[in-house]
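Note sheet for the following structure.
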Amino acid sequence: MPLDSNYTPAVEDEEEDDILDDDLPGPSSRGKKGGIAGNKANGKGKDPGRHAWEAEYKKSWDIVQEDESGSLESAVESLLARGRRKRALMADTPLRRSIIRHLFIILDLSESMNDKDYRPTRFEVILGYLRSYVVEWFDQNPLGQIGIIMMRDRLSEVLVPMGGNPQEILSVLSDKRKLEPSGEPSLQNGLVMAKGGMSHLPTTSSLETLIIFSSISTADPDGPSTIHTVLQDLVTNEIRTSIIALAGEIKICKQISERTGGKFGVALDQDHLKDLMWETIPPPATTISNPTTIGVRNALAAASATGKNGVTGKTPVGDLMVMGFPIQLPLGGETLCACHGLLKKGGYLCPRCGSKLCDVPTDCEVCGLMVVSSPHLARSFWFLFPVANYGVLAVEEVMDSSTSDTCAGCDVEFPDVTSIEEGVAQVEDGVSPTGRYRCAKCRNDFCADCDLYIHDTLHTCPGCSQ
Amino acid sequence: MSSAYGDAYAVKVTSGVLVTCDSAAKQILLHLDSKRDGPYKFMIRDIDETHMIIKREYVDEVRDSLQDELEKNTYVQDPNL
Amino acid sequence: MVPPPPMESRFYPKTTPPSVLLVILDIHPLSWSLLSSPPPLPPFTEHPGIDKAQATPMSLPDFVTILMVFLNAHLASRWGNEVVIYGASAGRAKLLYPPPPNAVAGPSKPRPNSYHPFQLLDSRIEQGLKEMAAEEQERLENGNVKSLNEPPSMVSALTKALCFVNRIQPSSSTAAALIDPTSQDASGSNSNGPDRPETRILIINATPGSNISNSDQSNGVSGENGDDGDNNSKGQGSKGGQMRGGYVGLMNCVFAAQKAKVPIDVLSLPPPSIDASPPIFLQQAAHLTEGIYWQWNGRGALLQYLHAIYLPPPSLRHHPFAVPPQDAVGFRAVCFCHHKTLDVGFVCSVCLSIFCEPRSVCLMCKTRFPIKSIPTLKTLATYIEPIPVPDTVPPPVIQKGSKMHQINENAKKDKSKAVNGDRSDPIEID
Amino acid sequence: MVQPSFSHPRSDPTPSTSASPTATLDTFLDNQHQSYFEELYRSEAVCLCILRSLPPVCRHIILHHLWSHQPLRTAEVKSFLQMDIKASLQEVDEVMRPALNRKILHPIVHKKAKMLYPFNDSFKKGLRNALTGLGTSNSFGVPYDREENDEVPSQEELVAYGEDAFEGILKYMVSSGLGIGFSVARPQSEVLELLHTSGLMIDPNDPTGQNPNINRLTITSKGFQFLLEDRQTQLWEILMYYLNAKEANSERSAEVLSMFFSLGCMQLGQDYSASQSFPRALSALNDLAQYGFIYRPSPDSDQFFPTHLATALCSGDAVATKGQDADEKRFLILETNYKIYAYTSNELEIAILNLFVDIRIRYPNLIVGKLDRRNVKSAMEKGISASQIISYLSSHAHPQMYNSPPPLLHPTIVDQLHLWDRERNRLKLEDTVMFEFFSKELFEDTEAEANANAALQLALPKEKFLFIEPQTKSAITEFVKERQNQLRSGL
């Protein structure tokens, strides 16, 4: 697993550089900047022999350091640069991703969650991150579902059953009294419960669990089944299990995630923890070995249309699903809906049979057509048409060519090229000295803010869309 | 003309300054008054929990002495600390 | 001490935050020529939903004067209100106001009878429009008439507008948020100051039909043979750019706007007599961002309508004021293969890309689909026919025979492409 | 006890000033008559500013209806506001009240429970012209046509000039009150006159206020309160005092007022021609120069530049005030331990802070002080109320303070200030005459009588005590006597 290489005791001890402009790259950045990444590992502790997780806790605000001129510029720029490098990997990710996801977040609520190495406590930090994580997750996976399982007192219980409603999850996550950490976690119980919770789900959707593991041990019940047998089941059921450890690297965790094709990571600090979590948000690339069979929904659609069910012997990689794009009725008078047979305002019209459905996405009760509103699909299009990364512009490039002096995005004025002193240029690689970033396609220049915004949120290049 | 005694309709009229205050301040006033004697007593009539009547000429004196009393009871942090 | 505020003051806000209005004005020459001289008869007479009334002609200058008054009213309605205007012409978008820093700042001498900000705004708009018109002119003289067939690049304008919004009020997911994890609660409402402005986008659409899909139909034939010329003249980005800039781009903008909580209002000028099918994707945009969609009925009174519908800032819209009732919204999609607007489509289970006809390999992610299921899907595709929809929603466009033919050969092309399987730019299919 | 108005501005706008900066103006306008407004609305600038002074909902209804031909009907208003169609007229009236007070709409009883609000024609015309720029009254100022070569002061210079002039006056007021001597030139006599007549300053040796020696004026408690207001309010108060003074001299003030608005709509850095812009208010314009509203290159020239004081007059929120912009004005950080950090080097602000803050440390750009009982109470002795201090603190709060969860100022401090305010007057003293009754009926009769004559201070039915205003003593005793006789004769 690539992720671990950051955390194995680093071999090379040279370039003992300061952590001042340390930018804590997410593991993803390793591909591009392996040197730095490896360096981070021992960059934490001064002596080379130490493991990353042995290093003393670095508060996230320590990372931001004023440069000698007393301004935060360099620090901020390094953060930007880190974002850019992270995206550099995003761009060439494979196109194949499984969109319909089912995720169980297994939350370790053992005593260790009360540790104070994350301010104020691990517990608080995790909850805070989880809330925004869920929102972001549903934002990018509108067709997915999330359930939450918590492990404490050697037991595991379903906190939130698998569901597609972020609000409900947020509400549960928001009241801390029910989530008071105590006892020890049982990884096995948690996984078993997760597996049970997902057993009924179609394998066309990718089944995933995200374990946030705080303690450094798991107290599993004795008995015939051990965690290894559970691991075996996970592998057979293709439940991709990603584990983020707060404390340190644990063999079994690493094994589980490696065998099930998940990721394993040890959070260095809050920022890094966030990175690790957020990395699991974009839909995972479907590995070739992973045979996704025809989904039940799809089978339904096919069967409804043609009497025989669509499941064939040979399981192809993917399949065409027939989807209908409904018409949402205005909140006018009340009409009967096909799904509940109740009088309701609004609702959606199935485009094929014209029956009224209460909510989408769903399968039409009458003609069995899978009805989704196109925006749901469109949410995932941005990584079908990723925006190519913008290149940095050196001073001379700007000098010679007749470039516009305003950003092609927000029309802000670029800093005057002649007034750029060389000092700023060497803050970080990936940061343009001229503050301009050029799209290779449309040859338009953008400011750093727009660059971030376009690649992180907008996913459409203003220039190329002309 | 019948005497006030026994006459159900007799009316007693006193003029002064009506003091309305919270009961705590009232107690302080009573205390202040109790320390005075003879003509220097300012209280004409103690009416109820939050009211009393005092002599007009003593009004300012009473107000000031009350303030002093309050100042005595309030802790002022030493500005040098 | 201060008495608690009386009841009605809680109902009716005492003040509103300053609001920034970003206007995207469609100045596509063809559309405006259509608007200024409406066709004698409505094209779709068989469609019940439209009234046969003749639309009052509305020329661009007339409209711009009306728009100016409206914008002045917006500036007038609160101190600190601001206006940003983008012009979207054929395939291009440009910032009209505020003027670029190097430009001459309006007239030197204020007129004694007009409020100076108004004067600046108006003169600058006029100037900007003239400039853009001039550029269009020279583009025509340079001989690429086909460029006129491109739809007005609303998307480009939208992206610029959103970038602008992002600049004046950065979302919490910027470097600042990376620095302090405390601003990580789901409610990212950390405002750095007493009153941050509220922004909204107003798209004024003049192009008939859903300006993405039917653009391809409009320049259908000419567009086809034009493509090669297009591709080697403007580089392969453009064609893909248009397609992406069309549906997917618009959707991306919509989601970005949702994130930024920026409502997208849409005013569609072509009255039903000219255009029976509303621009459904703009309608979707308005619907998804809780903006207001409204189509002009072609009977003048635009000034009143603008003031009545689009003037109140978002903070007052839903309470105490009310938004006009919105029509039914067709959540149709555009297929990736022929940019057709679909009611029912075929979706790749892996990458969710949408196609208008069953195929053996996904054009996007090159996933092979089971050969067996294709015939069933084909038969299934034939079952799909338009359903009786409410008047407010147009019936799906029926393909002419020629169109069908052309599509088939497109399909062939696609297949060949797909077999070649170049993953470099999945867009440049067809 | 925590005031709702101290909470986060976005949740509840106008945190600092419970009244808008133009409160004085509003009260003034509300008391004017139709004719006065007719005169005002001749100027488009006035229409614009009046429109902006309306509360948002009302404002939008006006704009909403501006271009239609029929008069506004109550039914329409109800539909705008999603009211029940049967909602009472008062609710509509409540919303439209400001517009009615400004005589923008003339209410006409249409049918029963229905009203028509036709526009005031001159306003409608004025506003429409303001929007379309078709007016003819030169109300936005006629630019002065100067030669190319003569120099023009930059905006910064104008701002500096305005600040100096106005702060000069404020400093003079402060220094008159406190020992702190600013080296400030005494304002012109007209200014001092105004300060005196407005009651912001008095001559202590002249209790009657008849013939004050304006060179020996000292600040009054009202003056101190004035100091604590934010700039916008101060400007308008001064202007209103000026206006009232004019009224007192029985001059028509409408011209002057409309000039104020015109100034408010002018452009900073642009020069205008006095004679053409305000042909009928030249003298007033000259007076304004003394307060730094306008700058004249030479005292007798026709050319004048409005300073930011003038141009920001009508910009409703002080944030829009050029010159002292937002972050320059927001320099206070107040901790829950009563420590105050003021990032300012502005003499005036420091002096004002010094009124109620115990200043401990003073750096070139930073003041560290403490809100402590002694200073606050001394300030209160000067007549400054707790709520004024609170509003000052919150209106000058550093942007950093907005990042902490609301309320802006911590409740403990707010409460403590109010407590200190309470502390000052724990005694309520009033001259009285006590009647002590023995018969219930006589007591009740007298109580009723006293009540009828508003002579009752306090009645204690249980003890049958009655406290009445001294001056009504004789009357009450008369009443009591005859009642006594009636009752006695009754048995």
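For this structure, a couple of remarks:
Each chain carries a letter (A, B, C and D) given by its place in the written order, and its residues are counted from 1.
Here is the rule we use: contacts are C-beta pairs under 8 Å (C-beta built on N, C-alpha and C of every residue); 3 or more make two chains touch, one makes a residue touch a chain.
Here the structure is a predicted model, which is why all the values come from computation and not from measurement.
Taking the mean of all protein C-alpha atoms as the reference point, the chain centroid lying nearest to it belongs to C. Centre-to-centre spacing of subunit B and subunit D amounts to 40 Å, using the average Cα coordinate of each chain. Note: centroid distance subunit A to subunit C, computed from Cα atoms, is 30 Å. If you average the CA atoms of subunit B and of subunit C, the two centres end up 79 Å from each other. Centroids built from CA atoms put subunit D at 46 Å from subunit C. Interface note: chains touch in the pairs A-C, B-D, C-D. Contact residues of subunit D toward subunit B in the complex are 358, 370, 372-374, 423, 426-439, 442, 457-458, 460, 463, 465, 467, 470, 473, 477, 480, 484, 487-488. Across the complex, subunit D is touched by residues 7-22, 25, 45, 47-48, 51, 53, 56, 59, 62-63, 66, 70, 74, 76-77, 79 of subunit B. Against subunit D, in their complex, subunit C makes its touches with residues 1-2, 4-5, 8, 12-17, 69, 72-73, 76-80, 109-116, 118-119, 122, 190-196, 303-304, 307-308, 311-312, 316, 319-322.
Those residues of subunit D that touch subunit C in the complex are listed here as 1, 3-5, 9-10, 13-15, 18, 44-45, 48, 51-52, 55-57, 59-60, 63-64, 66-68, 79-82, 91, 94-95, 129-143, 265-267, 270, 276-277, 314-317, 319-320, 326, 387, 399, 402-403, 418.
By the touch rule above, subunit C contacts subunit A in their complex via residues 91-93, 95, 100-102, 153, 155-156, 159-160, 162-164, 166-167, 170-171, 173-175, 178-182, 184-186, 188, 235, 237, 240-241, 244-245, 247-249, 251-256, 259, 284, 287-288, 325-333, 342-355, 358-359, 362, 364-370, 372-374, 376-377, 379-380, 383-384, 387-390, 392-393, 423, 426-427.
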